[in-house]
């Protein structure tokens, strides 16, 4: 085992590992972006990363703060217009993995990033769906990465911004959707996957040092643990080093933002 | 037909109270200087369209310029909420803000349809998503060949599109490079347009044959405003001012602080203030 | 996933008798070498799609490779008729040729819809035009917002798209520059694809950020065939061989002369014959 | 009056004159292309010429033999994809003049470039409509230029490839088309314009030295002559010189096609 690491590092590393070298990834900003670039800088050097700003095959040296940072375009194979991105590339069915974060997730992996409270009289107005509603159904498969907590992992989202497994079982197919949907949720505590039958998110791997109780406490439904429950491999030395170097480069680059210096 | 004017004149001539206005820019080339000019000239009752409203929309909304927002993702990228937008939606301050909300795919398709002079866009979207239940402008069409039911949204046709670009040539042809977003579509879909540019050059000859160029006869007013996309960035000119985005969270959190900041930094200044940002963040 | 192979292998592996095949190129970058290889390998029963069938389609049709043609303008540009195409349509020689005829707008929209994975394209077309009366695949959709009735055509989804491009890099990313036509759409709409290129280069780095590039994972077989677009042209490499187009009129006018010419110039040669054209017409 | 000139030169010059400096022209290959470029090289230097191959604002030094010659791209402001050309630019309603040629034209300026004889059993298979069906209805106004003859100027086209004034009068409006349609047909003998009421093509200007009889002989319907019939101005010295230089450059360039020389 390598040196110590944070729960967020464990989350990012575990998320990165799920990606294959031949994947074509539609990358959300934040935790998904960190995981995808870690994969690219470790075991999946040829992975294709696509950001909805139009950048295809981008290889940022530092993590973008926004979905359309100049770094993404400067290191991309090519950059297309946003309508083309959503028409030819996302709807085109060319993406193997859509990698999302979320404000709120329910036990069938439906996502809410729209509102807390009634839509017309929101208690909290969240940023909105952005690309998620169509990412959720157009990509062959969806990975979700987000820190776990009782308020964010809920029994049922109040507003379904994007479809996961709907009401469970074959609900997704009943909506006429042929893609696989969320197949993996990686948190700072564990990895969840939909039960093959019910499609309820079920813990399949626990990160080292995390108890079942802690996971239950941080889940808004009576979470189940899979029969073949595993322990997540701890981050390897290379994984940690590469991730930390990436984060350090990112901090240096964004710290040099010109409102502060120059 | 393109004409080179001051930003003040461009806004005065082209934007009226109550207009439907799209200030576009996908992280890159966001027309901040033009947005500030709208605020200084006191425009109000606007319907503001944008896929990704960020700080400039927070400022417009917080100053009471808008009565409606059409959008698909509204936040401070990588930082958090837009407090002024939330205050308007949640509490009606400084005035109520109606919301028409879509997904990115819907808005990108709707701009595309607008540029193509079509009345609507059809796409495979909103499947199993609740937005279709709360937005009556999301409808459907049926494919006459396969019977598949697709989502349909009306084309976006703004009264005015406002964008920032890298270059205008002498004749007023506009070059946009890098992350081009939906700006070309927005201008082609709009009745009128304002384009701010980093610089005016003699000619665009030598540019790549398939570069994104808006011919002069498709644009309206052009104002040369170096730095006019700050705190966003202009590829080839200056980088994104991430510190501004980070600082905005605290500035916009409370109404008083926001108003004081706007008074000092927007109302009391002019487009020429942006020039400093162009220099500060310059490449190399 | 892109793989570099010989043109013979590319065609042998990817094109089957009876396939729906689109060899695209809008005057520029027409995949002649690949078309000749289809003829040499004796493919038949093909449905050939192309907006602007020109000499290469005249050759394919005259050699009996096609049973159906989907097109919007079929002629020898600036010269006149395609005699082999006419002979097939008017007289069924060497075999009957079914025709599905559209306008350019319809086909361009249909390729676009195919690339976007939509089942159909809606556009404002065919108004008062007789093609809609003779082509049952032209239907209509009604805008759910305005009630306007628009023309609808099914998306084009070829089994195989075949194009010629300027460059492939080491990984198989494809660069197309100049008049880009519908080639990107054709490849993205197709199940399989063959791309012939003028040259293979180490990297496309330094190309304009918004250049038309097909990522390697969107293309199938790549064959390096310098001169492979002759007698059409490849911008930056060689010019259009207008004399060939002019000469074709006499060559193709009679069946015998056509067959003799094909035997000598196509059946008896291979892709390497195109290399000479690349040199002959080179720029500078 | 200048030196002698051919009927084709008269046709091209008369067609060119109809264009204004501020026009945005969708240019057909052949005679329309010659007329548009003559206008550009004489009285309309700022005219925008667009060819359906995607070239916008092109300024060819020699006339293209095809709609997609390299010269068109090399001298263009920018070149877009063909779907974009038909969607954003033509359907977009941005074109003031669509400039077409035709195989066959009828008295209401409907065009046939599809078939002679029954569609399913054609006597002569023509090239087809290409861009014409949508050019005819999307451009604000249509000019047609073509040599006149009894077989090409017919009472009624057998196949209506693109809509002119339909069956005459307000038929175009009854199709829901708001654009003006063909407003001017320039031939090697005369200029015809639709009668304001009936929309029947009527001779409004006769080229110098051409008789009414000759025009009648070369028209497949009982052609009428407008009340205010004019005589076309002969080609000016500059017009002829510029046109001939353009044709000479074109001949030199196309003659150097590399099948022959290099």
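The chains carry the letters A, B, C and D, assigned in the order they are written, with residues numbered from 1 in each.
The definition used in the following text is that a residue touches a chain if its C-beta (ideal position, glycine included) is under 8 Å from a C-beta of that chain, and two chains touch if they have at least 3 such contacts.
A quick note: this is a predicted structure, and the numbers were derived from the prediction, not measured.
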Legend entry - Partner chains that chain A and chain C have in common: B
Legend entry - Intersection of contact partners for chain C and chain D: B
Legend entry - Comparison of B-D and A-B (more C-beta pairs in contact): A-B
Inset, instruction - State the chain with the largest centre-to-centre distance from chain D, centres being mean CA positions. - result: A
Legend entry - Gap in Å, rounded to a whole number, between the CA centres of chain B and chain A: 27
Legend entry - Distance from the mean Cα position of chain D to that of chain A, given in whole angstrom: 57
Legend entry - Distance from chain D to chain B - Cα centre to Cα centre, in angstrom: 41
Inset, instruction - Note the residues in chain B that touch 2 or more other chains, in rising order. - result: 112, 116-118, 123-124, 178, 180, 185, 207, 209-212, 235
Inset, instruction - Would you mind listing the residues of chain A that make contact with two or more other chains? - result: 73-74, 79-80, 87, 91
Legend entry - Touch relationships between chains, expressed as pairs: A-B, A-C, B-C, B-D, C-D
Legend entry - In the complex, chain B residues that touch chain C: 116-120, 122-124, 137, 139-146, 148, 150, 152, 154, 177-178, 180, 207-212, 235
Inset, instruction - Over in the complex, which chain A residues touch chain C? Could you list them? - result: 22, 24, 48, 56-57, 73-74, 76-80, 87-88, 91-94
Legend entry - Complex contacts: residues of chain B adjacent to chain D: 1, 112, 115-118, 173, 185, 188, 204, 207, 209-213, 215, 217-218
Legend entry - Contact set on chain C toward chain D in their complex: 26-28, 51-52, 71-75, 77-78, 81-82, 85-86, 89-90, 101, 103-105, 108-109, 111-112, 123-131, 134, 178-182, 184-185, 212, 231, 233, 235, 238-247, 277, 280-281
Legend entry - Contact set on chain A toward chain B in their complex: 29-30, 52-55, 64-70, 72-74, 79-83, 85-87, 90-91, 114, 119-120, 122-134, 136-138, 159-163, 166, 171-172, 175-177, 254, 257-260, 262
